[in-house]
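Below, subunit A partners subunit B and then partners subunit C, in two separate complexes.
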Partner chain A sequence: MSLSREQAVTAIYEAIDELNPQLDGISLERSEDTILFGEGAALDSLNLVNLVMMVEQNIMMETGTEVLLASEAAMSRKRSPYRSVKALADYAAEVAA
Partner chain B sequence: MIGRLIERMEIVRGQIAVVASGTPVSYGELLESITDWGKLLDAQGIGPGDVVLLKGTFSRASISALIALFQKQAIVILLAPTSYEKEAEFLEVGLAQWKIQANSGDIAPRETTAEHPLYETLRKAEDPGLVLFSSGSTGVSKGTVHSAARLLSKFATPGKNLRTLAFLLFDHIAGVDTLFYSLFNQSTLVLPENRSPEAVCALIAKHQIEVLPTAPSFLNLLLLSGAHEAHDLSSLKIITYGSEMMPASTLQRCAEAFPNVRLIQKYGTSEIGAPPSKSKSNDSTWVKLGGDGFDWRVADGKLEILAKTAMLGYLNAPSPFTPDGYFITGDAVEVDGDYVRFLGRDSDIINVGGQKVFPAEVENLIRKLPEVEDVSVYGEPHAILGAAVVAKLKPVNSEASLKALRIAIRGALSGQIEPYKIPQKYVLTQESLTTARGKQIRRTKDG
Partner chain C sequence: MSDQKPVMAITGTRKGIGRFLAEHFLNQGYIVEGCSRGEADLEHDDYRHHCLDVADEKSVISMMHAIYRSHKRLDVLINNAGIASMNHIMLTPKSQIERIFETNVYGTFLFAREAAKLMGRRKYGRIVNTATVATPLKLEGEAAYAASKAAVVSLTEIMAREVAGLGITVNAVGPTPVPTDLVGSVPQAKMDALIARQAIPRYGEMADVLNVIEFFIRKESDFVTGQTIYMGGV
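Moving on to the complex of A and B:
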């Protein structure tokens, strides 16, 4: 019942694959460097919520670990966990530990 | 009003009043049962103003006990099987002095004084009373106190004599309404033993039932089951539906499945009874309310109703009436001339990033998908947008993967409704998504 960083990245990539067809005219890359939210980012708040919830559920299905990626704590971090795929994977592995 | 009911029943002694467990009971036989119950009540000394909990489901015994209690000017609390687990609460909140088991005829006293201002009002007016419990948003049931004389007053206006199925529950305002409408109009009421789509369709065919009063979720189940195609339902003339939002998609499928049946939306609550209503058309969710002692208005987008059959008040909650007597329903409606359309209950509204989502609209679209048997949509607090829209799904195939369903639903809804209304989170369940009373279960998060 734990989550490796690798598993977190896989869960995010799967969510990206699922979300891409619904994005208007853009497509997120399967890369840790992909910017998700914030300046120069591809996603609006609604799609960020969609992505985050898909990632939470993918992690749950794959590893049985329940992680909460959207919380007051996450929102108030200096370095946003939603900035990039890398940041989100780091955050997921951190809160699941 | 009870005297008038007895008079009407006397006129048609030879006709069938109810069909119970497949056995026809004439109005004459029902009157005899009422007299027998009267003697039992006299023997116990149960009289005017006494508070009695009557436990049972629709049966010859329960119907005649209820009428006999009204004749004695008692105050009756009804308790039907789907609420049996609430018995202790109903006895306590209702201040019941007696408990009667309709089917066994057991009558047992309880130690209580039964003092309540609303009961005093009934006693002073020398009116029989009826107490119906409705679920409260906090989890504690609310007891609505009615004057039975007032509640039944609308039946002075003659209605139609149509053979009707007592589908709705004995301790529910709509069930009580069905019962007395049928008796006042000297009709035959068929009592079901089983409310499954198959059993209900078999009963309609066997007894040539003309009216089916029901709830949208049952109609949804019925169409899904295909039971309506396996039986001859040509006797059906009217289907009424109420007690929850009717999804436009379900209504559309119903109108197609029953082209020769009138589909009428009813709007009733435990607090005000059931005002007359008329649907704009078979496949329309627009409905005309009121007339004959009922009036309505809209304040802040919410429906308010003035009803001659309104309750006196709650036993255990503040008055939900405006100073000029209108009942604040909490139901958001759209208005078009004389017609209203229900958008959902106030409390069901999900606010996603400042934009309102009514679960019924989303449920309605998701329910159309072939993969989905039923769905319940509710809000969950979410750190990013304030609230997230959650869809709890009961899939047709119990092995279905959450991910496949999620993709199918997102794909289907995309372009049909605003993106913020498309659920962000999906949960699978194999359990029923409606309560025993046919109401949609929302706000039940996992676990």
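Moving on to the complex of A and C:
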């Protein structure tokens, strides 16, 4: 049970596909450059939380790996792991390792 | 909701009120995922028991993942597991208040948090926590217990606001004494005095607890959140 970075990106894209129809007037792009959180982000905090939770669950379903993306360690990082799709994928692969 | 059976998680289903609730909702056609530290002898096709301590974060997360894997949904969470202890505050060891807070507060928190993650995905959920009349009645000898349940009320009120946007309601039921093992150790005179302070001075029954829970979890109760309903007119 491990998680490759590619699997993490797939899990995030699937969450984006699921979240998009629920978003009001905006749509997130399936790209590693998509900004999720902070300046220039399209998501409000509740939708960000929902996205991160979907990613956790997708990873668990696809790879059997239980990753905790909303942890103390994640919150206290200087550079938020929620900043972008790329940052989130890096973080997921890192904590699953 | 689809025509698939609704899924409910209940904590503390080995005995007492939790066991009663599990049996009731299984009869109502729910899939019930229960837990307690000990094994439960409840046998039903739609029941699964998880042996865990509600204060153990890893176990709670694993149980919720198992629910997601099996059913892809969670409609209702009843945070019922709880412990009490009758003790003068000057005679209460730190370990006792720790144990009470771990089970009643951290357990409730962890289950509510993990449940909301599953519920949020379908934008629907009902969370019911368990308070007690010992809090508003300021029951002497129950300081640690009443304080832990005061914390549960506070969690209920604030979480209700935080997850409202996800279609999840969070409420609490505050039972009067109900004859179970939990109140078994309280002296009779103390119990009588307590019951005399209720607007309706009788023991509560499990069906009274159930009635409040059923109101909270109805689909029509989507405009009811952040509330604690105390039984017996307390």
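Basically, the second predicted complex is superposed on the first by the 97 of 97 C-alpha atoms of A that agree within 3 Å, B and C clash if a C-alpha of one lies under 4 Å from a C-alpha of the other, contacts with A are read in each partner's own complex, and residues count from 1 in each chain.
The rule is short, and it goes like this: a contact is a pair of C-beta atoms (placed from the backbone, for glycine too) under 8 Å apart; a residue touches a chain by one contact, two chains touch by 3 or more.
Note that this is a predicted model, so its numbers are computed, not measured.
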Task: Which of subunit B and subunit C A:4 touches, first, second, both or neither - done: neither
TODO: Check whether A:71 is in contact with subunit B, with subunit C, with both or with neither, and answer first, second, both or neither.
DONE: first
Open item on the list: Looking at A:46, would you say it contacts subunit B, subunit C, both, or neither? Reply first, second, both or neither.
Closed with: both
- [ ] Could you look at A:22 and tell me whether it touches subunit B, subunit C, both or neither (first, second, both, neither)?
- [x] both
Open item on the list: After superposing on the shared chain, does subunit C or subunit B touch more subunit A residues?
Closed with: B
Open item on the list: Once chain A of both complexes is superposed, is A:57 in touch with subunit B (first), subunit C (second), both, or neither?
Closed with: both
Open item on the list: If we overlay the two complexes on their shared chain A, which of subunit B and subunit C does A:31 touch? Say first, second, both or neither.
Closed with: neither
- [ ] Could you list which residues of subunit A make contact with subunit B in one structure and with subunit C in the other?
- [x] 18, 22, 46, 49-50, 53-54, 57, 61
- [ ] Using the touch rule from the top, collect the residues of subunit B that touch subunit A in their complex.
- [x] 352-353, 382-385, 388, 402-403, 406-407, 410-411, 414, 419-420, 424-426
- [ ] Spell out the residues on subunit C that touch subunit A in their complex, using ranges where they run on.
- [x] 61-62, 65, 68-69, 117-118, 120-121, 123, 165-166
Task: Residues of subunit A that touch subunit B when the two form their complex - done: 18, 21-22, 45-46, 48-50, 52-54, 57-58, 61, 70-72, 74-75
TODO: In the complex, go through subunit A and note every residue touching subunit C.
DONE: 18, 22, 46, 49-50, 53-54, 56-57, 60-61, 66, 68
